[in-house]
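Here you go, one structure.
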């Protein structure tokens, strides 16, 4: 089946959008979007950040109302005024930032707006609630008592709870918005298995993701959005990665990863810039030793909870270490703390962009300037040299190619994920780092932006910066890095130069068994 | 947030700017409006004597509010300021009067300021080192310090302060110069120095700030020290103005201080606030208070009107934010 | 472990409470007599009931500075009516009505006009105080004995105020832990925007919270009237601070989403009252009261935060 | 950038304006009041109270109002809500409005000095109602009842009653706000009277009420719990009697004079409650400040000063102890007896 409406019979059509339009501050973000989702079908919705995907999702969810166009769902008009309407009609959302309350139990999160009552009393029928919750959890394959507080769950488990929640409203359409961004390999495979099971039970889905491989793997149809317009739609088989990407970015991209200059491969010849010896913190890292060389892009792979991010946080002095030595350009660092390390040219981009990377309500310029402020302060009063500051900000904007539509005074909150990440990167690049630690640098970012960030990373490496990249996307590491370290439960278990890169081997090392490996 | 409009967004940026300006000066505008509206019916409102008198009342209030603003920008709050005022007042007075051996005024003032800063440092240390909620910490120190002040004096006020000291509180030009200097200094510190930017960052997102190398604890600590210092300075003025070291000095003005700061537009949740706003807030409350007194209304009408006007200002602010800026 | 730790956290003040009891117990033999312990609860009940309402507000990440003023107005009106000879029941009914009106007033400006709760309730505080003074003509009113009798009345040899306190506590506890409203309050308190996205009618929840706070203020005012049989212009002054302190002592967070009335607020209130009671029982130097109380408050919060930290590691 | 730089300007400009506007006229003396021809026009007198939060102050307020009305003088009122700084502002406000005289209830003995100064500078006569100022070069007349002496006399009377019973009495005193000089004066008066009578009176409990009825009620209840045999209670103000009686009732100790187990009660102020309790025979004595005398003297003093007559710095209100013995003849002068409805 294709989403081309002439060729489809209305009854097979579960959700249809016709000429949806929406504008903010007089700027059109949706320009007459039309497509439809067949009953039981799965449509992949792809596009760069800012293409209008999230606006579309918000309209479907009743958080926003379109200025023009019509929605139909299950053969009736559909004009949701609020999230409740969407739920009532059987449309569920799995958001990128999960919508769960850590201070409530699993069951309470699932039934938050529709608690089962004990008869006519105002009280919650806890027995029934937990029964039904357990039932739902079983359906999504989560074997955890439903009275556990959500704050004690891993990202993957929370996702499953979200889906259980979707099932609890007898959803007929589930909309996934970047569901895998915070999931480990294993959790992802688990999620896909579940999706397959749900589809078998006739649920329709819209799947929004930047991980094109997943889209190809899961969806029947694909709809490509660019600048608020549908620039391409059709059955998945009619697309190739190249075609898809060029449709999304509006130009032909012949590769997902930039060329790495040949001589950099396995660049052991570059002098070691960061040396880690027997760094240990009980329960997190055990005797971690490795060195990062000038001009090297070093990947750190492993499952969620293998201790990758934890290691990075230790190295940057955010978490304590019990033993071990860290040398920077030969000099031993006794006291690890952000100011100390920043001064010595270490930069750390965290995996939690919104909660740890940015001051969301502060202006773009202020965020960009944050790390390097002292450089622009004239002692003794630390008087701000605003011209040099402004110059630096303007310069770095162009370096990271921040969307020129964004103004310096705009709150970062209003930026797309990609641009937000560029701001974080920018603020660190301003500090002219010798060592750059990147934790999930491309999480939730579109292909175009990804490519630009990859190029930035390589550019820095070429200038002799040592880059340590942590990522859950193996393809990314393999495409980007000169060398990959693999961690499992706090230990380094493998170390492969680019020539030996091998997906199977890395996964096997990460999982600790050659058997579990899936392609 | 410095404003450098990007050409292709001219319209949007300018509207933003306009709304910002609006919000910047709304409270001031209200004050002026109120003043103009009341002047005809209020005998003596406009007279220089009255303005000076109002000014004398405003200065100390503003000084304390400045410290409060710095603390609030970091996302905290300092309920202990009034007690710090009281304690520094009695300690300073004890020193400078006979039973303190008549220490010279300069020393006395310095001791008062040092004490204020020290008490602020105590709050700051507890809050940053032990990571306790500022509200409860400063609430506790409020109770403790005021209790301590009363105990120290056994409820007796201390008087007979040296004239050189009284001058500080009573010669308006001096007090004014001090206050203006402090206000402008604080403003410039916030807007034009690294420290200022750091303070905002701490209030906006402490974690991100920490990772970005901002000395979060140091800045928070400094904010409370500053608050204590401001309280002490205000105490010097009030003590001089009332010629008395009183253990209950300023006991009643805590809500006025916080109220003025918040009415000015500084957020209780941190990351947002300006000395200018606070100044407008204080001006607003003072003029309101002064006018209501001049009208010699009965106490209850004064209280009611005060509440109503505060609410009105807040509502205006909220409504404008919704319609001019829009939610984004 | 984590959950167990959470419960421990809620109990943090308990240890301190026991310590305080033990200390005064040693000082004065009479202190631990059941009659005195009942006294403590009775004396804590008024503040405690306000603190329960305050807990609801704090859980929703708001604050209500107007409770004291509301108590004053309600009591003043009831007093006037009683003196004018209208039946007790009617007066009490009117008290609840008045308080609900004030609560609704707060709710309206906070949820509809979206003014910061702090400012709205601050304004209500001023307005309420002013109204109260006007009604009482800033005079103290001595009410008919019917009020005092109500306050002294005993059921199963426990005074009525204590019963009221207990009932309010239990109901509040059930509402917070066992009803959709309660759980949704926790959600809203954790993150309003998220709650909205999740389909909760946040406006309604917030409004309810301030109504509850108002109602509690009314009940507290009744209890106080029952104990004093008089309305002075200082009626209910500083109650808001006492209530907030009690709630926070009980482990409720100022930033919403975390806290409890049982045991939290109960402990917080009773702890403070116990100290004040003990200080009188041991005829302590009047000048030391506020210093001692503040010291204990500090200790309690420190204790809790330490446990909190231990939990995190 | 413009917005940022603009603030210091606004700041200085505004302050500057206020300041210069002021300096222009404020020297040599800030008196802007129109020269009022004596007698020609109706007089204005400003009445500034520190608070109206107890019946006593209201009574005083009313008494002054009545007195002024009687003399056909306009009265401007202001209440400082217990804030000395605000009160200073209010006094200066009166001066601004060119009143012909000021009656002031200062927050305490010292904070009023600058206010008196201001009045002196403006050549406006000022009278302190019920609270004296500490010795100072500033000129004023204070009409006061001496808290300490009057309390001492009251407690002395109570002790006499105690002696008659022939037994030793355990005593409790309910203190006011420790930050309020009246409360302190009364506390000291109490201690004075008790000193030397340890054989009859043993003070077992000093309860700080912070002038708060609830705290007083709890305090008394607790003290009675600690020492059930307390038989002698003095309260620093009559407005706390409701709290005390309710606590006594709860403990079953509220007995008429003469009844077995009667607790000797004494207070200060002489308000309506106290009067009622005297009449009903529960209250032994209370120290009454003669509001009418004070009001009359205050206004008189103002007028005398205006006419250049010399008026003393201090006019003492003897006040009087009212007790079962002199109830009937003294009641008419007890303000509490008259606002009774």
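So that you can tell them apart, the chains are marked A, B, C and D in the order they are listed, and the count of residues begins at 1 in each.
Everything below uses one rule, namely that a contact is a pair of C-beta atoms (placed from the backbone, for glycine too) under 8 Å apart; a residue touches a chain by one contact, two chains touch by 3 or more.
Bear in mind that the values here come from a model prediction, so they are computed numbers and not experimental data.
In this assembly, A is the chain whose CA centroid lies farthest from the centroid of chain B.
By number of C-beta pairs in contact, B-D leads over the other of B-C and B-D. Between the Cα centres of chain B and chain C there is a gap of 29 Å. Work out the mean CA point of chain A and of chain D, and you get 70 Å between them.
Note: centroid distance chain B to chain D, computed from Cα atoms, is 32 Å.
A straight line joining the Cα centres of chain A and chain C is 45 Å long.
Among the residues of chain C, those touching two or more other chains are numbered 133, 138, 287, 289. In chain A, the residues touching two or more other chains are 386. Annotation for chain B: residues touching 2 or more other chains are 2-4, 150, 192, 298-299, 302-303. Chain A meets chain B in the complex at residues 24-27, 316, 318, 338-339, 342-343, 348, 350, 355-363, 365-366, 369-371, 373-374, 376-377, 381-384, 386, 390, 404-409, 414, 427. Remark: chain C residues 28, 30-31, 33, 35-36, 39, 43, 46, 133, 137-140, 142, 148, 151-152, 224, 227-230, 232-235, 237-238, 273, 276-277, 280-283, 286-287, 289 touch chain D in the complex. Interface of chain C with chain A (complex): residues 2-3, 6, 174, 178-181, 183-184, 186-187, 190-191, 194-201, 257-258. Looking at the complex, you find that chain C touches chain B at residues 109, 113-116, 118-120, 122-134, 138, 241, 244-245, 248-249, 253-254, 287-291, 293-295, 297-298, 301-302, 305, 309. For chain A in complex with chain C, the residues that touch the partner chain are 61, 63, 82-84, 87, 95, 99, 101-104, 108, 112-113, 115, 117, 122-124, 126, 148-149, 151-152.
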